[in-house]
Amino acid sequence: MKNLNIGASWLPLASMILAIIGIWYLAALIMNGNQLINQLERKKQQWSYSQIASQAYQVKRPMLPAPHQVALELKKSVFDTSVSSKRSLVHHSLITLNSTMLGFLLGSVVGIVIAIGIVHNKTLEASLMPWIIASQTIPILAIAPIIVVVLGALNITGVLPKAVISMYLSFFPVTIGMVKGLRASDTLHVELMRTYNASALQTFWKLRWYSAQPYLFASLKVAIAAALVGAIVAELPTGAQGGLGSRLLSGSYYGQTQQIWAALIMAALLGSLLVWIVNLAETALLKRRGGLSNA
Amino acid sequence: MPKYVLTIIYLCLLAGQVVVVSSSEQGFYQQYPGLLILLALAAYAVTALLSQLTQLAETHPTYAAVTKVLVPSLFAFMLLLTWQSIVVGFAVSAVLLPAPSAIFYSLSNNLPMFWADFKQTYLKAVLAGYFLGCSAGFIVAQLAVKSRFLRLGLVPLGNFMSAIPIVGIAPIMVMWFGFDWQSKAAVIVVMTFFPMFINTLAGLQSTDAIHNDLMHTYAANKSQIFIKSQLPQALPFIFNALKLNSTLALIGAIVAEFFGTPIVGMGFRISTEVGRMNMDMVWATIVVAAIAGSLSYGALALLERSLLFWHPSFRGTHKR
Amino acid sequence: AEKLTLQLKWVTQAQFAGYYVALNKGFYEDQGIDLTIKPGGPDIAPAQVLAGGGADVVVDWLPSALATREKGLPLVNIGQIYGKSGMMLTCLKSSGISSPADFKGKTLGVWFFGNEYPFLSWMSKLGYATTGGENGVTVLKQGFNVDPIFQGQADCVSTMTYNEYGQVLDGGLSNEELMLFKYEEEGVATLEDGLYVLEDSLKDSKKLATYAKFLKATIQGWEWAAANPKEAGLIVLDYDDTGAQTEEHQIRMANEVAKLLASSDKGIGYLDPAAFDRTVSVLLDSDSTPVITKKPEGAYTHAVFEAAAKL
Amino acid sequence: MMLAIQQPQEEQVAPAANINRSMISVEDLSLVFDTNDGPVNALSNINLNINEGDFVSFIGPSGCGKTTLLRVIADLEQATSGSIKVDGTSPKDARLNRLYGYVFQAPGLLPWRTIQQNCALPMEISGQSGAHQQKQIDKNLKMVGLQDFHNKFPWQLSGGMQQRASIARALCINPQLLLMDEPFGALDEITRDHMNMELLRIWQETQKTVVFVTHSIDEAVLLSTHIVVMSPRPGRIVKVIESPLPRLKTLALRDQTAFHQLAAEIRSALANDHAID
Amino acid sequence: MMLAIQQPQEEQVAPAANINRSMISVEDLSLVFDTNDGPVNALSNINLNINEGDFVSFIGPSGCGKTTLLRVIADLEQATSGSIKVDGTSPKDARLNRLYGYVFQAPGLLPWRTIQQNCALPMEISGQSGAHQQKQIDKNLKMVGLQDFHNKFPWQLSGGMQQRASIARALCINPQLLLMDEPFGALDEITRDHMNMELLRIWQETQKTVVFVTHSIDEAVLLSTHIVVMSPRPGRIVKVIESPLPRLKTLALRDQTAFHQLAAEIRSALANDHAID
């Protein structure tokens, strides 16, 4: 999947995107048109289908803004606004990116450390593993405000509470992936290390760490996307302090569907960019170890 | 000193802490900070007990099943005990953090209400959305395996879509599908579709080259290749997605309820009771969610174990 | 200067114009107070922030403050900014509602998160069960906006005169299509935005003096905002970090909130004991879902207001 | 000639008929693998004819293209140039007609199926009846000495046992053409002798055509009617030796001079092209 | 006697000393695998003594427990009952003392290390100096004919080359005891002859003890001082044959009668207990 041949792949992707845009326009017509019809009927006014069709893409609070409306909103808030302005989506993306990166770093480190502990210590594994899984069933949005408030009480404000929530979401895939990866070493290789009477540390650095790398990168890609979700979720309860999350919230608050969609697309772009960067790092590292992806 | 003497000492320390916590007044740590030492000792005793238990499991495999439950329970018990001690000992306001005892109390006192919430969120939204999302991801992955065109179009798109934070689509889904569980199920469908799609696709494509060649020499048709070779080899991937999705689905439903819901449901309960300063109710709902999530996860893990007995990660102790 | 943190009940908007004006115009500075304003959000409970020590003063509504007080967190009102309630139920005439008697069997959008108490009292007074059914009303937890009335998901939605009502109009519904039920007019009005602190802190006379200075500057800010709604709206806009608010919207809100400010002869900031008692009786009347169970004692003080008046 | 599976009586000894009908004919075939650091000439200008009923062994140093050539015959690899006919048709049609059975260099058993279920796989795919399946499985598992292991999973068997299971699997469908890639590599001498004799018996009884890759000169001599000696870089055929030994062979043959002469001839053909260090 | 690694002069030919000191002694050893359909008796009542300096081959049909026995010696598998001593201590202590080098049936090279780095691995682990590592690697890679491939990654080598690399890796640490599980299985005849002679030379020069699993009777005769014939179900030792051939052997030995007699003796011992069908 990773190394798709660009030359051969643009056509299917392009046609898929075209199809989606087509469906999107159609859906917008139907949804907004219906809304319009309801409104006119409530006012007991006459309406015709041609009138609806011509107005469906101009409603003030569309149920589904048409692609060009979202594009316009994106253009307005990305290109037509200076980056330092609070109305710039780039500005808000950077705020979100900030806590995403911090949370991702913290989460990766915590995730790796826990995984190493679990793989090497049976007690840790037995006592921790079930609760690590249970921890992810706690709805994050439920504890986000609590974390923000409690950390706020400890005078930790700004980027850190958001990063903590990002960390909470991103450590899990890293832990699970790393535990799998550290244990994915070929049995033959493990036995080889045993015949050398290698210490746990030696086995780790010469064998397990390598067999874990492909798993680690797969998890890091999930983790960085999760960190982004965490950052955005964390921006919801604190509503008014900037970031893509607060754009989503205020978009919803003021019925600005275009603004929601623009923020969503920006978030997806940001997420794709982050995953792509992890991908680059992976390719670079795998190249150094001979270019074989699955060890 | 023989081992069992140590074990008895550890148990005594733990029991002592339990007695202190359950019989003392609010804010006792503020009065007698020295008691904190006992808490630290009890925590140490528990870690020691835990490693004794794991050693026991290693030397006597017959106890393994018991310790497997006992170890995490003991660990959790100590966690709760510490929580209770700190909250009671430092008289932490119930508005900030309720004591575990208070959470348990409100849970057992409001069972019918929690059951109604569970029914609304889990039995309706989560189950429907999870089932639809997972099956859709699975089916589309089938199509994508067969068609290179679809694959090249869907995979980058899937990666892009999975980067969208679901919290963002929740308000849209509520707008489109109404306030009741249907909009929550829709959020879950969107959330669970792509993990299932990507994983199934990866699994179906991960088949051993030699098995592909083998089926090729048999001139097997596509459905035979699928059922006899691809599906079994894809199962580990599919279970990964099923397990991941089981936690995602619950979170998705609860998050979506923040954006509008009838006045029942776990997400509704959490957000409403936070506003009413009933933190014990909030935590009780979280407990219900965690139990439901862990049980679903555990059930899937058991199913996986029984279906994937042949996989190297599940084979018996004698491996090569 | 003395540091002080104020936690708002909701996001930065002209609902809180007075504080921002006072900050912007240096009224707090003049009183020797270094004020930090923390905007709220949909899941920020001001009382919780106060309990956690994240703020010294919070803006909250009296029903929720009293309920919290019963939970064991002793909030005390040190000044009441709004004398009138801005909350109302906005209904579609087309759904056949012309009086509260028509609510039966209808679907009503309500805000929760501590804002539901007045509504519950009202329904209790009307004798409607809030759990749906033949003789009750179906309640929806209304999200962040007034969409349900546009999408036909609810017959009525909750609105504030100064905010969501405008959005309903902007969204294409005209005044003639709507039926409004103001809490103020239905006899279930409760006191809204007020300033609250923890009871213990009031025992410290230095703290009390600080609060007085803060209240003084706040009152000044509100008076200025009431006099210059347009400028006040623009000032608020400056402080909005989301960059999502519009000028038009904020100015309209500033105009509307000016109408709600406490208008007793003592001026803005004075909690009218009669209004307090009315709120309490509205809350106590609700027997199906008790918000508070007994008459609260010491839930407000005029000490700060009086100290501020002497400054 | 393909024997109808439902008529076991026909499996009895039959005259060496059709001995001149070509089963596989390869003309000027070349195959180049594109790799990251340049093309690899795996096969170069291969010309070869294999008649129906022949037993042909490919022998040659590691990396000379034996496996690759076998894979081209089986339609698992496409030639870069040249032509190939299998049973008068293209390799693809031959495959679709389920003409051949292929024994891979590695056992390639499905880990979630028991040995018995693994053997059943090709028959399930070609839609044979359950009773017939069971008969074939019992017969062939017995033949390879795994009758007691039919309910074990592959990973519970030793390497040699797995390889025998994969041979049984290929034989179960009773194909007209048998393609075998070092099938006895992991077997001990006696088992190997036994398997060699069983293979000879089956070949003689059913008049299959067998194409066989091996590293063992003795094995090639013992089994084959024709020995193809190959050499690497680029993979090509050095020599095709027709065996002077009778078609009906026994292990005793190994003590005869004709056997040793043939072995020596192969050895020298191989040595001419061999440079290990 | 363990040779100090830093004193290469001692690696020269030395008299067959200590020939009676026991290196491995196995008493009444049994091993049972639990599987889904009942226990498998992989080893049953094994009694065996191997003296220091011996070259012992295990031979026997596939699945008779050769690999399993070797793994018990290497402390990779625990016996169900019975006792075993390696170098006078338990297998575990022998392993902890880094007494032996093990060559697995599969090469087991780390794919992220080049051939040279793979050979360095065991020396890195036992903490040997870089210069010494380089010397050992150069010597042993040359010996197995891979000196030109030291910078290649494992998957760039053919199967036979990989196996040779894994032999070089085991030899680099110059262990007192060499445990080898079918090390030459994937090699063609000429390469195999070469490797056999090299192994004999190293064994003679350094007086190692070698335990060697093979499928080839000729190989067993050519190399061993003692041949252990095993038989399956349950895995047990049928016969231990002491070789009458001299310790110093050449390939020419293969043409002598003594060689053929010994081979015949092994063959008949194997055949007696061999019931494949």
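Which chain is which? They are A, B, C, D and E, in the order written, and residues in each are numbered from 1.
The rule is simple: a residue touches a chain if its C-beta (ideal position, glycine included) is under 8 Å from a C-beta of that chain, and two chains touch if they have at least 3 such contacts.
The chain lineup, named per UniProt: A, B = ABC transporter permease; D, E = ABC transporter ATP-binding protein.
All values derive from a computational prediction rather than experimental measurement.
Asker: Show me the overlap between the contact partners of chain A (ABC transporter permease) and those of chain C.
Answerer: Common contact partners of chain A (ABC transporter permease) and chain C, which must touch each of the two, are B.
Asker: Going chain by chain, each one touching the next, work out the least steps from chain A (ABC transporter permease) to chain B (ABC transporter permease).
Answerer: 1
Asker: For the identical-sequence pair chain D and chain E, what's the CA-based rotation angle in degrees, nearest 5?
Answerer: Angle of the fitting rotation, chain D to chain E: 170 degrees.
Asker: What's the farthest chain from chain D if centres are computed as the mean of the Cα atoms?
Answerer: Comparing chain centres, C lies farthest from chain D.
Asker: Looking at contacts between chains, which pair has the highest count of C-beta pairs?
Answerer: A-B
Asker: Which integer distance in Å separates the CA centroid of chain A (ABC transporter permease) from that of chain D?
Answerer: Using C-alpha averages as centres, the distance is 53 Å.
Asker: Using mean CA coordinates as chain centres, what's the gap between chain B (ABC transporter permease) and chain E in Å?
Answerer: 49
Asker: Could you grab the centroid distance between chain C and chain D? Build each centroid from C-alpha atoms only and quote it in angstrom.
Answerer: Each chain reduced to its C-alpha mean, chain C and chain D end up 87 Å apart.
Asker: Any idea how many Å lie between the Cα centroids of chain D and chain E?
Answerer: 31
Asker: List, in ascending order, every residue of chain A (ABC transporter permease) touching at least 2 other chains.
Answerer: 63, 141, 145, 149-150, 153, 188, 236, 252
Asker: Can you tell me which residues of chain B (ABC transporter permease) touch two or more of the remaining chains?
Answerer: In chain B (ABC transporter permease), residues 96, 171, 175, 258-259, 271, 274, 312, 319-320 touch at least two other chains, as defined above.
Asker: Pull out every residue in chain C that's touching 2 or more other chains.
Answerer: 42-43, 45, 48, 52, 143-144, 147, 151
Asker: Quick check on the complex: what are the chain E residues that touch chain A (ABC transporter permease)?
Answerer: 74-76, 95-98, 100-102, 104, 106, 108, 110-112, 114, 121-122, 124-126, 153, 155, 173
Asker: Quick check on the complex: what are the chain B (ABC transporter permease) residues that touch chain C?
Answerer: 93-96, 171, 174-175, 178-179, 257-263, 268, 271-272, 274-278
Asker: In their complex, what parts of chain B (ABC transporter permease) are in touch with chain D?
Answerer: Interface residues on chain B (ABC transporter permease), with respect to chain D: 208, 210-211, 213-220, 224, 228-229, 232, 308-312, 315, 319-320.
Asker: Over in the complex, which chain C residues touch chain A (ABC transporter permease)? Could you list them?
Answerer: On the chain C side, the touching residues are 10-12, 39-45, 48-49, 52-54, 92, 94, 143-147, 150-152, 167, 170-172, 174, 177, 240-245, 249.
Asker: Quick check: in the complex, which residue numbers of chain A (ABC transporter permease) touch chain C?
Answerer: Per the touch definition, chain A (ABC transporter permease) meets chain C at residues 35, 38-39, 42-43, 60-61, 63, 85-88, 91-92, 141, 144-145, 148-150, 152-153, 157, 236-242, 246-247, 249-256, 259.
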